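Shared chain: subunit A. Partners: subunit B in the first complex, subunit C in the second.
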Partner chain A sequence: MTNPVFDRIQKEIDNNDVSLFMKGTADMPLCGFSAMVVQVLSQLGVPFSTVNVLEDDDIRQGIKDFTNWPTIPQLYVKGEFIGGCDIVREMYETGELQDFFEEKGLLRAA
Partner chain B sequence: MAMEAAEIEKLIKEGIPDAVVEIEDLRGDGDHYAAYVASPSFKGKTRVQQHQMVFDALQGKMGNELHALALQTGVKED
Partner chain C sequence: MKDRIEAVLREAFAPSLLEVINDSARHHGHAGDDGSGESHFTVKIVSEAFVGQSRLQRQRAVFSALVDEMNSIHALSIDAAASQDRN
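Then we have the complex of A and B:
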């Protein structure tokens, strides 16, 4: 028995190289942690799509079960779960995130 | 609903017995903490897996009673 919410999530992360499940939108983040990830991605200049979990309770709960990760935001790159705000920030501060995006061909080497 | 720093530390240590845990109360409201958790059992695990181990130790409180826990993990040598 497939899970329709998981199917929707899977389609979103398959169809978008960089997909951010967040509270609010890139232009209007509604939570500090979501805003932090939007800022990091914008500073790196990586195009990304967003899903506003506040507009869809099924997705808001489903995404937490999908990856066994209890919080929002959640960042996916080429279908792979990268982490929440803490991990994205830590990777950004160490330069790992930039390298990672370059390896994935999503960012031209500086 | 909020949590005490000591309770967070206790849960993490019960779930990850060999962990070193440092908790910082960011705002004094019992809802915004920073935690550094290091353990030999994190060795070879990705950051996501390390964080999930801490979340499991917190028995579902993360994202519920515990709204914000800025988490950093590291491998503590034996």
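Then we have the complex of A and C:
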């Protein structure tokens, strides 16, 4: 029961504290929703790794099945699925996201 | 499509507030614009069905109610709350 695409996704999530599956790259996002999440993470100063789903159709579909979530971007922190653009934005606006990253030790307390 | 999304969500959540907005025009010519004029939507929904649920659970619930519709649209932005005072 091994799915090679799921294995690759799992490895990416295991190897990076903050992993963003997105369209485009952090330097050049190709979708407004992906761009928003990149902007929030950059603003917070959280180091993150990205996977460009547009470069790999297997991952593009695979990440939707893996998370059981139909849209991209998708943010994982320490193996846990946080959400997509709406949830990241909401958590950022309420300050929860900063607290969350601090708790995880990924952000220096201001 | 807008009507279909509304009908599905009414049926699934009996919302006290429901607003479905077609944002497609704002995304005209961007990635994901399929020219149908029905590619991007925003849903604002308030329902008692969401009481005690996390944001993730609420969004999952909305996505799973709209599983068929998600196949034909590109993006769905969701603002789901349990009550209008947003607790």
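One rule holds in what follows: the second predicted complex is superposed on the first by the 110 of 110 C-alpha atoms of A that agree within 3 Å, B and C clash if a C-alpha of one lies under 4 Å from a C-alpha of the other, contacts with A are read in each partner's own complex, and residues count from 1 in each chain.
Basically, contacts are C-beta pairs under 8 Å (C-beta built on N, C-alpha and C of every residue); 3 or more make two chains touch, one makes a residue touch a chain.
Worth saying up front: this structure is predicted, and the values here are computed from it rather than measured.
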- Query: Once the shared chain is lined up, is A:Asp86 touching subunit B (first), subunit C (second), both, or neither of them?
  - Reply: both
- Message: Just checking: does A:Val46 make contact with subunit B only, subunit C only, both, or neither of them? Give me first, second, both or neither.
- Response: neither
- Item | Partner chain in contact with A:Pro70 - subunit B first, subunit C second, else both or neither | both
- Partner chain(s) touched by A:Leu106 [first = subunit B, second = subunit C, both, neither]: neither
- Enumerate the residues of subunit A that count as touching subunit B in its complex and touching subunit C in the other. 33, 68-71, 81-87, 90-91
- Message: With touch defined as at the start, can you tell me which subunit B residues reach subunit A in the complex?
- Response: 47-48, 51-52, 55, 60, 62-64, 68, 70-72
- Message: Quick check: in the complex, which residue numbers of subunit C touch subunit A?
- Response: 27, 30-32, 55-56, 59-60, 63, 67, 70, 75-79
- Note on the structure: Per the touch rule, the subunit A residues reaching subunit B in their complex are 33, 64, 68-71, 81-87, 90-91
- Note on the structure: The residues of subunit A that touch subunit C in their complex are 23, 30-33, 68-71, 81-87, 90-91
